[in-house]
């Protein structure tokens, strides 16, 4: 199934996606969209793991399982994050990250 | 328990006892008893030391004890003492003893005051008995840090600023020093033996000159800050001006000596090549500070500032003697440590007592004190005369030994430095007499002063003890000089031997 | 896989059991009995701590994913002790009315994260490491947001969870490249296959960035102050000592074991960041007025000192880091303990509230002073020994200039520690915090901390014990 | 013969000082008697020693020996350089013992009367004992460092005594000035000692002054700025002597020192301490003579100049003590001159002998003058001649003794001054004609101003006295009479039989060709003075008016004090000390503070970094990671 | 064929990722994210990791996105449009991201990835199950257990934060 597709193309896609996620994290003021950016980041990392596994080390499943666990962690993380976001929303009546800056200096 | 460890144990026990004191009276009594015990112990030590020497013990350090502390790092609680140390310990015992009496009237948080004071003294004693650089450094910092509280809480004037400045500068010095000590440790076994902090062991090895060049200045400056090395002396005027009496006494009297003692015992002794090579640079600094401190004192208006600058000058003379790198000058420098210690303690004690009566330290607001407090004034004159190097008092012996020693260096650079440093004795006379003239002599300026009382009994105890010390050294210097000289031989052989090739390159 | 082998995980197992006990107590206790959850949890944890202290053999199980040896056991014990102190300190706080309905959760989450740290420290591969790291991080965000009534707490929670998510994302990218270039996630295999290509170096840098986040190394530290300030005091102390120490331990182990061949790279990185971290941490700490925030920045500077122990890559450094962590736990918990005690009673958290404290609460002030002196590294309290040995460790590998910069920075840090001392002892105050009697739990915790501060330094056996099991590159 | 008891000549006054100083306030008045008793011992012991030394034990084979009566190792600098405290007896030290003990004893007795009203009576006696101790220690010093030690001690006792009336600002500043000026001179002395001792590796007088000792035989060849290093050393040592002996330009402290009680002026600032400089040069004379002749010549010229200079000033002063002070300067200049023109052996050493001789006689008559002046001041409560006059009627004994002293100092035979001055003139005639003529001139001036003083006090107009002046009690006049006897007969001592540079006695005789003109000149001076001042006349005013500028300059002591004031206050205080104090506070301390301020400033400035904005934190995070990659993976890898 | 599929997915992923972080409507962004996640799972299918692809679809694309959508509904108005990003911020962040891409790709593309030499493992459910429950080398039972603790803790954490009770006192 992967014949003719070079490994690096996958990596290019995932890397760009990774930095798009980072870009999103840095510019999106909405807490939920920031969380979504995190998901992009994690997703791109997953692609890396899986692709490496498939292309280079197909005799074992480290990358494959790593991805699965990352997905699980991402889910847990998202759950907690969303709980906190809702909490923030209650306190600040906003989920704008720039509002949540009582503490500084 | 061995006699040296007792010097740390007695004050520690005193501190614990004070913690359980119920009132001011008990606090005072416990402190006085504890420090008297310490003084007695010091006398015991002197006797034991002489006994040992007379019995033919020629080891560099007597009463050596070594207890391994951090085994894997080869850090030990190693103690031992030579004549220089004995002298320094006697000095410290005298000054802390008198310091307690000078603070007899301390009423604000007295327990805490005496505890801090005695902790400070513990650090000093520990420092002088240590042979292991690690414990030495530990005690060194223990001696420095209580200063902050002592000045901050019980001081006067801009005490918070002064306390902070003093603490930060001194700890800054000790921080730099720490690097030097660590360096010494890692070069203590170039042939692959076990690394050690032990002074005796390190002295045996030959540290590579490149390393010495790096670590010597660090160590020397680190100690030098406490020894009021120009330009790192500025903590001294402010600190002393703000400190309470006993603290000034102890600090100028003993703590500043820690600096010069360390500079000698650690920096110069353990890194003799670098000491020979770099002494010229530091010599310039200290020559400046000798004269500079004296000139700085001339126009000051505050008694403590005068004394602080005078300490800069006199402590500069100590370092000056040390950097001359010959036995006589160093002998003089060490006598100067003792001499200046007692003398300046006396000064600060008297200033404290005068301040306690007149509530001012500005000399122009006072005058004619000889009339109303003859005892204190006479004592002040004696202190002043000791400071300006009157024969028969300790200052003379020290200064002369330094100058005679310094003059044995046969080159123009050292000669000129000596002449410049010696000229400070004239300036010293100027500022001492100026103070005596304004403060003690002349008519009484303020009607309130007619009612002032002379010294109380505890003040007399303190003052007389110190004067006896000054006069004792001044009149019978031979014992002290001999005590020091004996111990200097091995050290100086070490340093001079190392300097032989280097010296020819440096002489100007 | 035999039972004995499973018992190698004893620390984690007893913690799981403790967790289950708390869970059970939470479920079965109700009404007025609910408060019993607190002593049960603390008791269970205390027992777990004690059990974990018994000696145990070294070993590797789960195909290398879990490995334990005495050093790691020491590390875990160090963490356990710290957590126990926090638990004891937490008792009065959790009993307060506004926390009434959330007692067991605090314990559950902390124990769970502690288990995560256990796995992290014992990990033999990057997967376990990653899972341990996340277990140790994600739930703590909830703890930071524990004071739900407070805006600051919520803000702290969100800042922590999002920052840590970002950091673990970057760390994961690094891990993926490590996997891609070596073909394994097991530490020993990675170490064997390790080269120094740019990609691998990039991977290491990304990995380190993630760890720097946990350690609060500048410039990855920004979350620290805000989270520390916003979180409840005890959570702050947990974050500042326990999770930081755990991260330092595993970071050091991985650098020494997995990337010894990249030492040039990570030494350079650490060199630069040590200087920046200590300096900036100090400079930021100087101006702080809020005690928690102040301690946050001071802990950033302290993290910089920890790097000094790591950078040399020698066994002495490892000992020094573990030793320092132990001391740091005691010192910081003593400081935070005082802050917590005062905050619990009066709600005051600012430095000028402490003016004149010594005259009204001398014992608390003394504890605080000792703690600060220990943090500043002043003898004879333990912090002096900790710092001295860290400097020695760095010096051993020749980093004298770095040590010099660090020691000069200690002066700046001394300045701000003394500011607090000054507030308590020197400053005058018309209305100082009135005298109050701390409850017994606080007192026990503070006394234990002070004993720790004094004893750890003076008693050399602790150092020797750790040193016997340390290793360098 | 055992001279070890001589140590008690030093120690007794010292213990008296301690005893009176520490306990005197309990028995106040008795302190004077106690001190005097102590001095009586010193006096007797000194005379006994002198007798034993000169007539029994001192000479071996016709040469006086330097006998070490007592010696104690006090401090050792190096193996060779050690300070001994001890007693060395040789002709000049024994002579000085006599001089010091005589004058001191007289002053002690005299002060019982003079000082009895003073509050600090016991203190005064304590200080006197201290001074006597120091002076005795100085004269019997076995080595140059011992001398320096006691040198400083006499300085400080002089300071204490000048400042005896410490509530008078003028006394305070005078004492300060005296101490600091001499201290400055002593710095030179000290450096001189350092140089000398470095090359000779000894402090011991016997060794350094010995003919084949290291200073003379093994003089180092090094030169510095044209003079041999030893010349420099000896000049510096002389600087100390010049300071104590108030040679120009270090003389300024001496007239002010008259602020002290008059007996003190008599003892310290006329008879004993101020001649220490002369004694110092005499003590080191062999070195000056053989190894540093240039220095010796310099000393001669400086002595001549000072003697002329001071004599001129003395003519115009109205404060009797100041006149005496300037006359002291002038006479010490004589002694220095005498040393400057002296050679070493046999008759060549006449200058040396004459100098010592003059020292001896001068001590007697100058002490007499001062004590007499004290009696006058005691009687009229003023120091100024324009408030005196006609006192011969009231103060008979004082008058006679004062007259004796004036004649002695003027050089009228057979009084003591004549003999010693004659020897000086002979020595000068033989070695240096210029100095000889200067001395002739000074002899005339001396006769003039001393007679002027005499006439102004005891003759001239009689002002209105508030209280009728009355003669002093016997305790005061007794010493006057004793000293008057000394002033009359001391000149008859054949000094060259006892004192000579090479310790070998020789004979001298009167040179009439020099003596007669000198007497005539003295008589001329007295005559002019009599013409001017015997009765109240207008001549002095006329002359003053005629020489207005010169008179003013002279009256103001040639403004030397003003120059010093300028140097000390404007330059030392204003241009050095104050700027240093400022520099230290502002620049050095400022730099230290700057570190602190800078850190705080940096802290404030970087506040914005911690903005509270999570996304900025994220940016920093990512940027940090990227920069690390860029730096350490790409750039410095 | 597979090449075409790959590039299609790749294009979708990149495009919608970009849209997800730039779209000014939050719900749109969530949907774009969903597209990205689904496409990713398509890649996993392409790589023949079917189990992973399924997990990706259900857990990720299903679970998390639903969670996100719910929270959006709870906290935001559907029609809210985000204000434009400040240009400076966008430029700086964008520049940083591009720099990151350049650096990362420069490293990635220069690395000599060696093609697999060993035989590929057949990734069926049996293998996966066995690996997941194996405690030997290449077994994943320990992570499996560890993540259960994580999930439990996260659950408690989420509940703690989400519970409303504490509010009443404030």
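Each chain carries a letter (A, B, C, D and E) given by its place in the written order, and its residues are counted from 1.
In the analysis below, a contact is a pair of C-beta atoms (placed from the backbone, for glycine too) under 8 Å apart; a residue touches a chain by one contact, two chains touch by 3 or more.
What you see is a predicted model, and the numbers here were worked out from it, not measured in a lab.
Visitor: Strictly by the touch rule at the top, which chains does chain B share as contacts with chain E?
Guide: A chain counts here if it touches both chain B and chain E, which gives C, D.
Visitor: Going by the contact rule set out at the top, which chains touch both chain A and chain B?
Guide: Where chain A and chain B share a partner, that partner set is C, D.
Visitor: Can you tell me which chain lies farthest from chain A, using the average of the Cα atoms as each chain's centre?
Guide: Relative to chain A, the chain whose C-alpha centre sits farthest away is D.
Visitor: Sort the other chains by how far their Cα centres are from that of chain B and give me the top one.
Guide: Between chain B and every other chain, the largest centroid distance is to E.
Visitor: Sort the chain pairs by how many C-beta pairs are in contact and tell me the top one.
Guide: A-E
Visitor: Of all the chains, which has the CA centre nearest the overall CA centre?
Guide: B
Visitor: At what distance in angstrom does the C-alpha mean of chain D lie from that of chain A?
Guide: The separation of the two C-alpha centroids amounts to 96 Å.
Visitor: Distance from the CA centroid of chain B to that of chain C, rounded to the nearest Å?
Guide: 42
Visitor: So, what's the distance in Å between the C-alpha centres of chain D and chain C?
Guide: Averaging C-alpha atoms per chain gives centres 77 Å apart.
Visitor: Give, as an integer number of Å, the spacing between the C-alpha centres of chain E and chain A.
Guide: 5
Visitor: Could you pull out the residues of chain A that touch at least 2 other chains?
Guide: As it turns out, chain A has residues touching two or more other chains at 18, 21-22, 25-27, 29, 34-35, 53, 56-57, 62, 65, 69, 73, 76-77, 80, 83-85, 87, 90, 97, 100-105.
Visitor: Mind pulling the residue numbers of chain B that touch at least two other chains?
Guide: Correct list: 168.
Visitor: Of all the residues in chain C, which ones touch at least 2 other chains?
Guide: 127, 131, 134, 138-139, 141-142, 145, 148, 150, 157-159, 162, 166, 170, 173, 177, 180, 198, 201-202, 225-226, 287, 415 - these are the residues of chain C that touch more than one other chain.
Visitor: When you check every pair of chains, which ones turn out to touch?
Guide: Inter-chain contacts occur between A-C, A-D, A-E, B-C, B-D, C-D, C-E, D-E.
Visitor: State the interface residues of chain C toward chain E in the complex, per the touch definition above.
Guide: Going by the criterion above, the answer is residues 1, 16, 61-66, 97-99, 101-102, 105, 108-109, 112-113, 115-116, 119, 127-128, 131-132, 134-135, 138-139, 141-143, 145-146, 148-150, 157, 173, 177, 180-181, 186, 197-202.
Visitor: In their shared complex, at which residues does chain C touch chain A?
Guide: 126-127, 130-131, 134, 138-139, 141-142, 145, 148, 150-152, 154-159, 161-162, 165-166, 169-170, 172-173, 175-177, 179-180, 183-185, 225-226, 229-230, 287, 293
Visitor: So in the complex, which bits of chain A are touching chain C?
Guide: Of all residues in chain A, those touching chain C are 18, 21-22, 25, 31, 34-35, 38, 41-42, 44-45, 48-49, 52-53, 56-57, 62-63, 65-66, 69-70, 73, 76-77, 80-81, 83-85, 87-88, 90-92, 97, 100-105.
Visitor: Could you please specify the touching residues of chain D with respect to chain E in the complex?
Guide: On the chain D side, the touching residues are 615, 619, 622-623, 626, 629-630, 633-634.
Visitor: Could you please specify the touching residues of chain D with respect to chain A in the complex?
Guide: These residues of chain D touch chain A: 607-608, 610-615, 618-619, 622.
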